[in-house]
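The block underneath contains the structure these notes are about, expressed in structure tokens.
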Amino acid sequence: MDTKVIKAGVIGATGYTGAELVRILSAHPNVRLAGLTTQSYGGIPFWEVYPHLYRHVDMICRELDLEELAEKCDVIFTALPHGHSMPVAAEVVRRGKRLVDLGADFRFNDAATYERWYGVDHSEPGLNGRAVYGLPEIRREEIRGAEIVANPGCYPTSAILGIAPLLKNGLVDNRSIVIDSKSGVSGAGRGLSLTTHYCEVNESIKAYNVGKHRHTPEIEQELSALAGESLVVSFTPHLTPMSRGILSTIYAGLKESLGRDEVAALYREFYSASRFVRILPPGMLPSTKSVCGSNHCDIGLVVDDRTGRVVVLAAIDNLIKGASGQAVQNMNVMFGLPEETGLDRPGFYP
Amino acid sequence: MDTKVIKAGVIGATGYTGAELVRILSAHPNVRLAGLTTQSYGGIPFWEVYPHLYRHVDMICRELDLEELAEKCDVIFTALPHGHSMPVAAEVVRRGKRLVDLGADFRFNDAATYERWYGVDHSEPGLNGRAVYGLPEIRREEIRGAEIVANPGCYPTSAILGIAPLLKNGLVDNRSIVIDSKSGVSGAGRGLSLTTHYCEVNESIKAYNVGKHRHTPEIEQELSALAGESLVVSFTPHLTPMSRGILSTIYAGLKESLGRDEVAALYREFYSASRFVRILPPGMLPSTKSVCGSNHCDIGLVVDDRTGRVVVLAAIDNLIKGASGQAVQNMNVMFGLPEETGLDRPGFYP
Amino acid sequence: MDTKVIKAGVIGATGYTGAELVRILSAHPNVRLAGLTTQSYGGIPFWEVYPHLYRHVDMICRELDLEELAEKCDVIFTALPHGHSMPVAAEVVRRGKRLVDLGADFRFNDAATYERWYGVDHSEPGLNGRAVYGLPEIRREEIRGAEIVANPGCYPTSAILGIAPLLKNGLVDNRSIVIDSKSGVSGAGRGLSLTTHYCEVNESIKAYNVGKHRHTPEIEQELSALAGESLVVSFTPHLTPMSRGILSTIYAGLKESLGRDEVAALYREFYSASRFVRILPPGMLPSTKSVCGSNHCDIGLVVDDRTGRVVVLAAIDNLIKGASGQAVQNMNVMFGLPEETGLDRPGFYP
Amino acid sequence: MDTKVIKAGVIGATGYTGAELVRILSAHPNVRLAGLTTQSYGGIPFWEVYPHLYRHVDMICRELDLEELAEKCDVIFTALPHGHSMPVAAEVVRRGKRLVDLGADFRFNDAATYERWYGVDHSEPGLNGRAVYGLPEIRREEIRGAEIVANPGCYPTSAILGIAPLLKNGLVDNRSIVIDSKSGVSGAGRGLSLTTHYCEVNESIKAYNVGKHRHTPEIEQELSALAGESLVVSFTPHLTPMSRGILSTIYAGLKESLGRDEVAALYREFYSASRFVRILPPGMLPSTKSVCGSNHCDIGLVVDDRTGRVVVLAAIDNLIKGASGQAVQNMNVMFGLPEETGLDRPGFYP
């Protein structure tokens, strides 16, 4: 297995998640990068767009020729705006290759949900049913055989991992869930907007898309599946003055009194096969800095007897566990590699 | 009234809230600074400790001689760690002068609550009953005649202002309140700790004191008074990588369906006499940057029909409306000045 | 003089320097804002573009009608990209009104220098001769009577103020001057570019336009005038991860050995009438934070006997002393007001 | 060679450079961590002090028992305040083991220089002569056989690498060198001080120790050796609001007119065997972000014909190439491993 070589292509390589994919894949022992495509930088060396990879990646950015790319790859990663991965998927699957889509196009069991929240038609409803929601800690077995893996959104990754064990065990009031998430700015991508202009973000925190962010139905779909009944949640994303990281603070009412140790034991059990999830010991709470640069999801647990609520803190690096690291983790699962291959380095501090 | 001169002293002038008091008071048209005391910088010009005030404040920091200071002042501001204002208050009141305490010593109606959460005895229970909780938008009339004003904590200011109109009008389920607050680092003061070390804070967000922060009982006391019944809340403070600002995201279940416009109308009515509270129009949400440097509290309102919750966003500058600006606002009320005197400048952007 | 009312208009009000002008002018005791124009936000309340001014400025942004605006104003401020102020100036001067231009169009004695560095023709060479370079600490008398004041660039303000006394007194080798400047990001304006995208700037420092920044000839023109001979300088601007502030570190070889106290005495003498320049005492060095929010220029002085060089550190708030504060200071001089009117508040810290 | 195992100990493991050593060594294919010592955290798991290494490093911090540690290690890294490595070195060398000292104790050929600038006696002058200044790009051959390697300071690494080719080739006026350096805050370590308090650093840039920083003589020693004559430089360090990174902007007068391409060719030749130094192509200038997380030194070159100066921009990650990465690079050289072993991963962006 160590000598297996997977030929990988990245479509949309010059956004932030694309560049993280390139960085991780370029150091992955079982991967050979076979093609990097981009809309804006065709013909330019990748390292001119991302100088941190000078002397590490010597490929040239290419405009997409899908047939050619699919032909020479075993797996394609798409890091594109929503709506753009559906035609790619059709071609990739037709050729018997596999797809990890970092966008939203294949995340919903019900294409109508996708269409309602994203405002576009789903052009490949047939393929949608063959896609698996790619959160390996929850759907590892399904991912193994999947043709299409729909890599989760960054917020949903932290939110679902944060509360899954409680829902799976039926311990909380399913109507009581509040998810208050704080994200670094890289989640908004490299595209220009006033929202991501340095002086507008720096030294400021604000909420946005309150009650209507597109990651809401994705969270609800997966939490409903875990809970065994349809539920809705309050989800509020916030833009925080930092480049990387998401911290989700999750509140839920406990159905019955539970000690912190009991809750922690359930979490450890639930994630016993999931090396990237670290349940912190009592008294330790996660910070985004402690997961920055790694594929970890750190989880801290507090039971508040006064209010009868459990408060879960879940931290990830939005570009790694929240996007490109998770995509590679999915690829590892799909190709039978140890899940942590190429993702085993700790993060940076400070 | 324009020619009234109030002689003011600041005890604990060299912390961040002390320095903000000095800055605001030094430009206040009706105030003459009569004394600045400090534990660590006795004999040193204030501007050597805070060079931004070079040529603006030429006073020398003094070690505290309480009798002398109280004698020459009309009002004393204490910006001290909890437990240190009680003896000061006794002396100030004995001399018929007035006190604005920026600490926690006089914030609780019930001294036992203070003693339980702060772990110290209340040495002046008699005076405690003569103190008023100094949130002018809620207790303006009581503040006017108060001998002692207990200036609110930074988090409680944003939380209470954020949800007061809903509780006063009995519109929400009192057991459903979740307050998720994000603060800049200056709230932790100028004292050294690993928690406020640059490299530990920068590029990181984390929660702390979840379920046990000392501002919790303060919030609950005031919200219970507004609601007319005893209630508890989930309150989670977060340390955010920025110097100034607090954003509180407040969730509460609506008892009955209400439109966003109806809620906003209630807020505008409730704060009609309160110039510093700005209810933002539909579609606008507050950011801490937009209140930075000002005494404003900006409030954004979202009604989420899917979940039946209202989500309130309340932003303040923690050192101004959350501390020193509010203290001066209280002084203005106590001395019969227009409430915005010395506080009428807008903030800075960006 | 206190009752004088100056009617002021701002052309280009919705950029960062425009917004700072509006903030300062709106609180200026002798100014009435008569018109705010903008290319992009016509018809929109100014506070919707800049919510920090909600309830402070209730004017509506207008598209420019130059004749109408000039008619109703005593002074016009232009905060426009280079090349756009020349036609405005012609109309303003024709009507006998006065102009403070925050751009580069009128900064050069020699229009050819402007044309060479900015790559555009100067359409009003006749007016150019009637414009004064608006650094009040250097050209106060000329500014008083000027029809057009060319407000200096942000970097030149710090550089020229930093070294002027040495050149005026002939103490340094005129060919030895190195100016290494570090700027916050707001100097690049509110326009979108990858250079000012949050994630590209945050946690990074870099130089740009080395040896060819357009502020170079402006610095050289003024330093040559002070030195009495034509000189060139090395000027390197750096983009620093902060919103506001410029620090210029200036190196010059001393012609003869001089003590730090002698140098400081010369500086104090040179700036004796200039309240906004603060010469720091020995052992204190300026930081951008200590001038943030104020119109000060803080100067620190070090004489290095080992190398025979003097090192000058000069710090300003780029949007205030480096742009809009200085523009108002110029207006004050032009209209015979005390120079610090409307600019006398200290900055914020932290 | 691939199977070689080096047993390594880190003395002073819980500072920032110590923690970076632990992170890098823990993933180094030829290293087994044999002991981590610390003054403050004895008995505590290393990951409790640095949670990012939870599940990556399971060692317990120990108080130093030098004999025991030296016995079981092949190489010792000391990450201690100056003055503390001399006794360690004596013991390590006595046992025939090897030392990489990240402090200043063995950086100076002339112990008197050390004593003058650091204000302490050198207790091991005999060993001092057996130590090699550990900048592999300059002294690779000497390092191979060294018993003690004195790992360079962070500023000197960027400054010396930045200008070495020019001095070696005799192209610049040796008395004209100005080094203006900007550092992130982690260079000041994890110890508490007002200087590194979040709110004091954030949104501010300032110079410190102008003309007297202790890295000055270290830079001068190495540059003098390269130039073949004793020289002095102006060196000004600045504290920049970011965690990691140093950018040195270096100015030197060219003896004769040279094109940018000629200069670049000399640099490429000089560093042809040095994989970690990247000479950027024309038009590209380094940023600290592009080297963050890597062992690279990126160099940009500008020749300014107007002033006759060359301006060199050199960027490193101060904790990696400026400290712990370079220490591991030195170890690789000392033990005959490929120089990039364990250091070959690219950095992070953004």
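Chains: A, B, C and D, in written order; residue numbering restarts at 1 for each.
Methods note: a contact is a pair of C-beta atoms (placed from the backbone, for glycine too) under 8 Å apart; a residue touches a chain by one contact, two chains touch by 3 or more.
Since the model is a prediction, treat every value here as computed from it, not as a measurement.
Peer 1: Enter the minimum step count from chain A to chain D; a value of 1 means the two chains touch.
Peer 2: The distance in steps between these two chains is 1.
Peer 1: Quick check for the class: compute each chain's Cα centroid; which one is farthest from the centroid of chain B?
Peer 2: Chain D.
Peer 1: Consider the two chain pairs C-D and A-C; indicate the one with the greater count of contacting C-beta pairs.
Peer 2: C-D
Peer 1: State, to the nearest whole Å, the distance from the C-alpha centre of chain A to the C-alpha centre of chain C.
Peer 2: 46
Peer 1: Using Cα averages as centroids, what's the distance between chain C and chain D in whole Å?
Peer 2: Taking the average C-alpha coordinate of chain C and of chain D, the gap between them is 39 Å.
Peer 1: Any chance you could list the residues of chain D touching two or more other chains?
Peer 2: As it turns out, chain D has residues touching two or more other chains at 16, 186, 199-200, 202-203, 241-244, 286-287, 289-290, 292, 350.
Peer 1: Can you list the residues on chain D that touch chain B in the complex?
Peer 2: Per the touch definition, chain D meets chain B at residues 16, 185-186, 190, 192-194, 196-203, 241-243.
Peer 1: What part of chain C is in contact with chain B in the complex they form?
Peer 2: Touching chain B from chain C are residues 16, 19, 23, 26-27, 48, 50-57, 186, 202-203, 243-244, 275, 278, 280, 284, 286-287, 289-294, 298, 344-350.
Peer 1: Can you check the complex and tell me which residues of chain B touch chain A?
Peer 2: Residues 178, 180, 182, 184, 199-200, 202-208, 210-211, 232-234, 236, 238, 240-245, 247, 249, 251, 285-290, 292, 300, 302, 304, 306-307, 309, 311, 313, 315, 350 of chain B touch chain A in their complex.
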